[in-house]
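Chain nomenclature is as follows: A, B and C, assigned in order of appearance, with residue numbering initiated at 1 for each chain independently.
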Amino acid sequence: MNWKRKDLLGIEELNPDEIIHILDTSISFKEVSERPIKKVPILRGKTIVNLFFEPSTRTRISFELAEKRLSADTVNFSTSGSSVLKNETLLDTALNIEAMKIDAVVVRHSGAGIPHLLAKKLSVPVINAGDGAHEHPTQALLDMFTIREKKGKLQNLKVAIIGDIRFSRVARSNIWGLTKMGAEVFIVAPPTFIPPYLANMGVKIFNSLDEVIEKVDVIMALRIQMERQKGSFFPSIREYRQYFGITKERLKKAKKDVLIMHPGPINRGVEIDPEVADGKNSVILEQVTNGVAVRMAILYILLGGSPTHASQRNGAIGRRTGGKRI
Amino acid sequence: MNWKRKDLLGIEELNPDEIIHILDTSISFKEVSERPIKKVPILRGKTIVNLFFEPSTRTRISFELAEKRLSADTVNFSTSGSSVLKNETLLDTALNIEAMKIDAVVVRHSGAGIPHLLAKKLSVPVINAGDGAHEHPTQALLDMFTIREKKGKLQNLKVAIIGDIRFSRVARSNIWGLTKMGAEVFIVAPPTFIPPYLANMGVKIFNSLDEVIEKVDVIMALRIQMERQKGSFFPSIREYRQYFGITKERLKKAKKDVLIMHPGPINRGVEIDPEVADGKNSVILEQVTNGVAVRMAILYILLGGSPTHASQRNGAIGRRTGGKRI
Amino acid sequence: MNWKRKDLLGIEELNPDEIIHILDTSISFKEVSERPIKKVPILRGKTIVNLFFEPSTRTRISFELAEKRLSADTVNFSTSGSSVLKNETLLDTALNIEAMKIDAVVVRHSGAGIPHLLAKKLSVPVINAGDGAHEHPTQALLDMFTIREKKGKLQNLKVAIIGDIRFSRVARSNIWGLTKMGAEVFIVAPPTFIPPYLANMGVKIFNSLDEVIEKVDVIMALRIQMERQKGSFFPSIREYRQYFGITKERLKKAKKDVLIMHPGPINRGVEIDPEVADGKNSVILEQVTNGVAVRMAILYILLGGSPTHASQRNGAIGRRTGGKRI
């Protein structure tokens, strides 16, 4: 396809063809990660700046690995949550860094919409690595990639998303993506975790996992973000586990080939039992593996031109797997 | 020219030929930053350690990019201001790092003279990235590069440096450089901001921007460093802005082609109006762009041998632009 | 030799042939660090993650340089001591990072046994960069490398290890290594610094440096780790220096060619006089230099296959120096 966007800011704005294009491109990059020498020269001489205004381990390392495997130079800039940057200063910082002739910015920020603000002002691609409770598009894309790889499709699948929807950018991005791709999304959460905007997002809402567990193809647990919860949205961990925990007992009622997913880090024994997290239905670590591939694909699409041209240019990706349509 | 210095510690010790040599060499490196593949193999296999004992975003990233674009390996070492290192320990740290066979040290420290101390003890080049209120030589060199690029010369230009002179290593380094290169420097600041040593530096002193604005070719604003000011050196931001702010009204009185400069980060609405900072006379972002080129040139001169040899050795810089004499 | 271990966790588990193999392999890598271009392509396309859960400057930089000189990609992950990670979470973090298809993990942690825990769960090599008061195997290997290089052998040498044995992983690893290699180890420390397990480690114990100084070939001082001492294990710095300090007066009683060693960072004037630390018997900075070579050798052995094959494969190490047998 002829990719037109400068940035990757959210799943909300993508159309199904764009999502498919990213997922298809990711297939080749997953194959790169499985080689003994996991490096292709596609972005040699390009510089990518990782601006992380929120603490992050996994996502930052995943992006950094994606960048290095594409042979880009990377520069990291992290601030602790304590040093609050006003938006205007943030923008000046970004403009300054752009003036150093860098080629892309990956940004994580606690403020919803910050990546969009930067994207408007910068001429280089901006990639949203998570903005507040708004979107986390690369997470949703790696989730969709994982589901599609395992199930062969996304359309008509039944996907339960469980837990802390109100504070979850992962949930939002996945709801946008999965519904666009024709999956049926069941939200399972305590009423206090259900944000008002859900009503318009084409999902069905349930207040107990038992109501849906028998019919879903995928169960995606979210992390209970203890640190974000100022009020008391639920009475106790024990009660949460009783209605929403993916326990090994509850799993027996599910389809034999149900996929268990979690964006990490897991609160073992809260959202999910250790036996389930490490069990045969779990694809949690495969999500992580796929994350690097999907991020490589996104950087490649935004920075490297169309796959065909790049492939001809340097023969680096190797055998094209051919976009498997879902 | 035949470069003789091991280190770049300050502008005070450079002679005009050395300054010109750095500025001339920077021209080629600026051209590298404008290529699609912004990388030359000049310092491949060399290791540069960035020792930042003061928080820094821009300068650290600028040096890191310069090093990576020369294909050097970089190692970063930063400590927060809280972990105070005694000089002896600092020296032991530096000697230890040198023993790992690294090729250069870039150092920023809140103590004036620390880079000089390290330079005396280490056999590898030491580059001063800012020491206390003493010098910030790479900033002055990028400022002179920017002025020379825009005006075609430095000699006989009238340059106003405005603001927080007392605490400004940027001002000190620029005063040394600009006066050596034959420019006329006007210091514009409240009396409490004027340090005693200025009297011997060959500058003229004014207490209001309006006294000089009509005749200057360059206006260089300094950052009001709120954090360094323990006492009350000026009554209020409003009063400061009234006499020293580069407001859009005041700019109307200046020459049509006056250059507006600032080392960043800007306090918008204090030292400078947003309209001026983003206006057509502003070269603030070009300063940032040039900073990478000037730092590449310095690393190259100190680590890579003479330009001619390097060029022959690896043909990496490409077309030599020929030192344009000011 | 045919190397069989996946990990380097401690010296306790190594046999003399394995130690010799590492020391022999380090010779070639020391030679690499002395070239103008200190880089070999042996680990190109491999990714090494440095997980530092304890603050560290020297060891982290030494590993990072070793990795970069082997052309590996490196990713750093450091947490301050304040953010306590429970073991289970730590393991999840490590499994996640492994799922990103990285090739080795270097780990430092305040908990003894953490590297062993990770090694059991991860399929990639794990290298212990210091675990609590347990082991610091790469330090002991670089110490043995340095002694062997200077003395031509380890067997039958008399080595005094002085000071804070109780809290010292450096001491433990060196005791294991030196006794395995046939050296005689004298522990010199206040009684409160002698841990009970020493009785079974084949060393002799003394309570004053003067008892052994005339007969030893090597004096290895340990750092007094002020920060780890909750109780009062010794009356005063002055008293410590009196019985255990390597003063310039005391040094006169030692053999002319005694080696003075210290793992750093030095408390000058406490464990060791500045004149001694910087004097002609001191090999303290050579230890640091050798540290990079030994770490390159370990990474190479664990990740790169046998030296002969690698050498043939890419001709990268250059002239093989031939394992000098001790």
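Quick note on the criterion: a residue touches a chain if its C-beta (ideal position, glycine included) is under 8 Å from a C-beta of that chain, and two chains touch if they have at least 3 such contacts.
If you're wondering where the values come from, they're calculated on a predicted model, not measured in any experiment.
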Chain A on chain B, rotation in degrees - Cα superposition, rounded to nearest 5
120
Between copies chain A and chain C, are the contact residues mostly the same numbers or mostly different, with half as the line?
different
Chain A and chain C: spacing of chain centres that average the CA atoms, whole Å
40
For chain B, jot down the residues that touch at least 2 other chains.
none
Of all residues in chain B, which touch chain C in the complex?
44-47, 49, 73, 75, 77, 88-89, 92-93, 95-97, 99-102
So in the complex, which bits of chain A are touching chain C?
33-39, 57-58, 61-62, 64-65, 68-69, 264-266, 268, 285-286, 288-289, 291-292
